[in-house]
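Two complexes, one shared chain (chain A), two partners (chain B, chain C).
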Partner chain A sequence: MTNKQKPTIVWFQAITCNGNTHSLLSANSARLELFLNSFDLIYHPSLTVDKTLEDILNQKEKIDYLLVEGAISSNKDIFALKNSTTNDLLNKLALKANYIIAVGSCACYGGIHKKFEEDKTISGIKENINEKILKNLKHEIINLNGCPVHPEWILQTLFTLKAYGKISLDKEKRPIELYSTLAHHGCTRNEYFEWKIEGSFGEKEGCLFYEQGCRGPMTHSSCNKILWNDISSKTRVGMPCIGCTENDFPRNDMLETKKNIGIPQDVPLGISKRAYLSLTGIAKTFKIDRLNKKLME
Partner chain B sequence: MISVAKEIKKNSIIENSLKLFSTKGFYNTTIPDIAKAMKMSVGNMYNYFSSKEELAKYAIKYSTNVLAKELRNVNEMEITSKEKIYLFTRRYLQNVTKSPEVVEYFLRVYLSNREVFNQGCEGFICVGEFVTEVMILLDEGAQNKEFREQDFFPAFAMIMGCLGGFAFLSGEKVLEKELLFYSDAVADNIYRALKYDE
Partner chain C sequence: MKTIDLVERIEGEAKLSCSWKNGVICDASIDFLNFRGFEYILKGKSPLDALVYTPRICGICGQAHLKASVEALEDIYKNLNEPLTLTPKSLLLREIGLNIEIIDSHIKWFYMFIMPDIVKLQNSDLGIYTPLKGSRWLEASKTASETIKGLALIGGQWPHTSYMIPGGVMSDPTLLELTSIQNYMDYAIRFFENSISGVDFDTYLSFSNIKDLDLLKGDLEYFKNIAITNSLQKLGTSHDRFISLASSSLFDEGIIRQRTAYKIDLGKIKESSEHTFSLNKEENNSSKTTWSKSVSYNNSFFETGPLSRALISKESNRKFIKELHKQYNDSAMVRVLARMDELAHLLESTKNLISKVDISEESFIKPKYSLKDIENGQGKAVVEACRGSLYHNVIIQNGKIKNYDVITPTVWNLGPKNKNENGVAQEAIIGSPNIEIAKIILRSFDVCSVCTTH
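Moving on, here comes the complex of A and B:
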């Protein structure tokens, strides 16, 4: 499918588990169709396309959108593609690109691969792209954080760029439109959060903040507003938010709430610990029958 | 708007009633007793508090907020958590010396007449500010690894039980020396119970 009118996309995979590709393929089918009709996805290593990575590297034409999935390393012994490091390939591709989008936590910051202790070169794309190349881009690098990123966030970003040529970013370089609210917004467990009623993994009732490590109140993401598969989210099915859209992901012991003498170490964004503790101390006093019962007996 | 004059008057009613409640007990103290101590008419008293129960709840908030302010002030200092325990213990015992009725009220009225406080003063509602400051003290101590990890309530009870118990001994006049003489030893006990073990 080649059409000169449509902006071209190259999806480059570096050190990755393929999760963001899976995510893209699970997009709402009508949206995915619209996407494929609006852009020309000239290269993706997991999809049937006419070109090889070599063809792309050899082509003279510019790439409109370079989407990168996975972390980057400059150490050949760790990871190589076609006998080149991912750092090398990334720079060659970046030289041809108008826009670069880091798709997923690994491309943004190195993600889980950065935890690999035997190699210190693994990091996100920003640290790996040559400064001079950055100046020639039409836009600063866009971070689509998430592990994986929501497919709709990829599509919305691309459609916005196609229509307006630019997109507003927050200080982590994430699109504001998609990352300005917290995962906590729109969570169906908010009432349990207010009254400090803890739930358990996989259950419909209760909030997962107090024991299970839910990071919803401190994680910028629209997971509970733009639902996954149009119907769900981690917290809706009883899995705590693990804060995968923030730059400190993955943290250690993600499914438990870090506490000091029984007091949560981190409190929701925008409130002091003192204020939070006095508020919750009072909320906890009340036992609201409706919320302490099972929703369905 | 709450008038400042009215608030000042309310506080002085509380201070007087704390003295009466802590010596005569909650049930043996009547509104006319308090009015008499205030040199006010009984009718006028009701302009400030609609009932003795309401007054009792105000009094517990008032008296624990005095301590909460002390502890907040200590919490905000740039000193170690150990030093905070010592300083707070000293200030607490100084308060007991200066206004014994405040602690007496807590021990003899608030803790012993729970039925009076069941509605509107449940749990930590009326003592929330103070409990919050203890939480901050413990949380910071554990975060900077001066205190060991443990459940909140045993740690909280360790501090409050120790301080309250000492105030009780002082109230019963059984201590051989002046209350403040024991301050560092009490603080040391509290600190040892909380401290991080290697």
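Moving on, here comes the complex of A and C:
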């Protein structure tokens, strides 16, 4: 079988909405096909038919890449899979894995499910995996933040690990190359941001940072560099970035800009509030006709 | 004899317990052992944040939740005698977005969840339908991801966008983008013609007779032949009662209980937790077996989803399914064919909706005041999602969500029994000759564990 030399992948789903799975399935189809030809996805609860999770738990062979979608809990009364807790299953799988990748905000930090306070044990995978197991991994756990994660982030990470065995991570343990730039990079509304021209919902023109809560200037992600579904991004169509690749997602009041005396409470990453205000004041003195008109008139 | 089977390859996992008598399932229970507590999570949140939270109830029908959320929030304004003005354009863009999501879901469901099991009834080698490897599986996956680009052009991305907001939509597509969305629909139509139905699209849409079943080629013919060999045209029947809560360009609200009534009274919907686990452990006992609630209309269980929508539809062009139902009732085969038939009609209807968008209209008209300024308000909304009728009910107090109730389609179909009768899917499974058939019947409802328990 040619599958023998292909690295194996097990995709484990814990407390999730399956959004990361559907994100992967919505990848560019040529890329998805290359991925499926280059790796052996031996188990995914919604996609594969050859093996059950039981088979994987019973197998002696190592899993090359364990991908985890969803948050983890040790409370069996509220969330049970195969009559076990997700914590228990995760540890059994992690024991067999060479690499572990948290796919999506829930697996990284507990994400949206951590807001379910009636189960206080909900958290990300790192907090749930036994210390000893962590030491035996070939690489520290990789966090692919996002709600959901962009399919290319999964593919690029896996292909890089396959080729080089390692990938550089930032302090949140996200691949640096994918998360070093901000969602702001590549945003088609950047000119409006530069000249402090406010936008409103339902328009192609204007920046969504001032009123609509856009977190583009303080969110590490490449959403506007590689685009979603090959062609789009939230800010391009007019939806503010809600900062889903950061560890504080979901925040409160995500569709409005928090302000103090009319000034955004959070300013773009790396600039002092004072400097930002001075800059804003100056930028606003320029009245740029082109940018105050409709793009298509 | 009693057997227990854990069912995967649905969205999530279900526990299927069956009692057997003379080689046939005589009782069954479908249990969902996980709960994520979205209704708890939403308490105390700002109303607009519901637009970010509720799509994350489900990774495949998030747009249905978004549309239900936004309309429930708009209903609050209406109930306070300050109805919002919405342009035809924004309403169209919402419906187009939702339709594209349903199209994507129907394609994936047929090839990922139905065909592998159907083919297995006949062959050990799944051939072109083999998940992740087979050429047809890959082609279906490609078609779904091409189609969903149309939604990305309106919503920025899929899954998980919140582009609908009280007052309209956030986006403002150009004419070129609308043309591209048409192109993506055409791509899916070609796939429907070449692979799914094997007949010319207009010919398929004109099907109105039971004999037209014999004209099917492609994967639907293959499905139909295996289905009939395995009696799926007789198995999987339930209460033969149907409900559709919402109307749209293609769907009509109504119920069928012997005859069709095109009027729904949302007040007759009742949720029950009789067999549902409680977070308060002391309340749990042996009669509590699942996290799913059950829901009834006027004290009876009704099936929801594409078959219901086709039968309730006033449009004469759903006649094919109506005729199939006359002959084969609410069997597993008819339920599957109804969903694939809906795929064709949605593609046609969505193309028509796209052509109606007037880009010169506003996408969004700002409400006069914020939901945060509302002391007391309540709003409801119903939406037809891929799996059937979805209902949201929100109560706001002092500008925050006080209570948020979600009844998903899968609660209608997969909820546990009550004192009077079996749940819809439960009733359908009883009578199955083996576990493979029982699972296919279960899947014919498009099972989603995450939606069912949310």
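We adopt the following convention: the second predicted complex is superposed on the first by the 294 of 297 C-alpha atoms of A that agree within 3 Å, B and C clash if a C-alpha of one lies under 4 Å from a C-alpha of the other, contacts with A are read in each partner's own complex, and residues count from 1 in each chain.
Note that contacts are C-beta pairs under 8 Å (C-beta built on N, C-alpha and C of every residue); 3 or more make two chains touch, one makes a residue touch a chain.
Values in this document were obtained by computation on a predicted structure and should not be read as measured data.
**Q** Does the superposition put A:Leu57 against chain B (first), chain C (second), both, or neither?
**A** After superposition on chain A, A:Leu57 lies in contact with neither partner.
**Q** Which partner does A:Lys234 contact after superposing on A: first (chain B), second (chain C), both, neither?
**A** second
**Q** Just to be sure I read the superposition right, which of the two partners does A:Lys273 touch: chain B = first, chain C = second, or both, or neither?
**A** After superposition on chain A, A:Lys273 lies in contact with chain B alone.
**Q** Comparing chain C with chain B, which touches more residues belonging to chain A?
**A** Touching more of chain A: C.
**Q** Identify the partner contact of A:Leu95: answer first if only chain B is touched, second if only chain C is, both if each is, neither if none is.
**A** A:Leu95 contacts neither chain B nor chain C.
**Q** Looking at the overlay, what does A:Gly281 touch: chain B (first), chain C (second), both, or neither?
**A** first
**Q** What part of chain A is in contact with chain C in the complex they form?
**A** 13, 15-23, 25-29, 32-33, 36, 41, 45-49, 52-53, 77-83, 112-113, 115-119, 147-148, 200-204, 223, 228-239, 242, 244, 250, 252-256, 296
**Q** For the complex, give me every residue of chain C touching chain A.
**A** 6, 8-13, 33-38, 40-41, 45-46, 48-49, 51-53, 56-60, 62, 90, 108, 112-113, 116, 120, 126, 130-133, 138, 141-142, 144-146, 148-149, 151-163, 165, 167-174, 180, 277, 279, 281, 362-364, 366, 450
**Q** Would you mind writing out the residues of chain A in touch with chain B in their complex?
**A** The contact residues of chain A facing chain B are 260-263, 265, 273-274, 277-278, 281-282, 284-286.
**Q** Looking at the complex, which residues from chain B come into contact with chain A?
**A** Residues 122-125, 128-129, 131-133, 135-136, 138-139, 141-143, 147, 149-153, 155 of chain B touch chain A in their complex.
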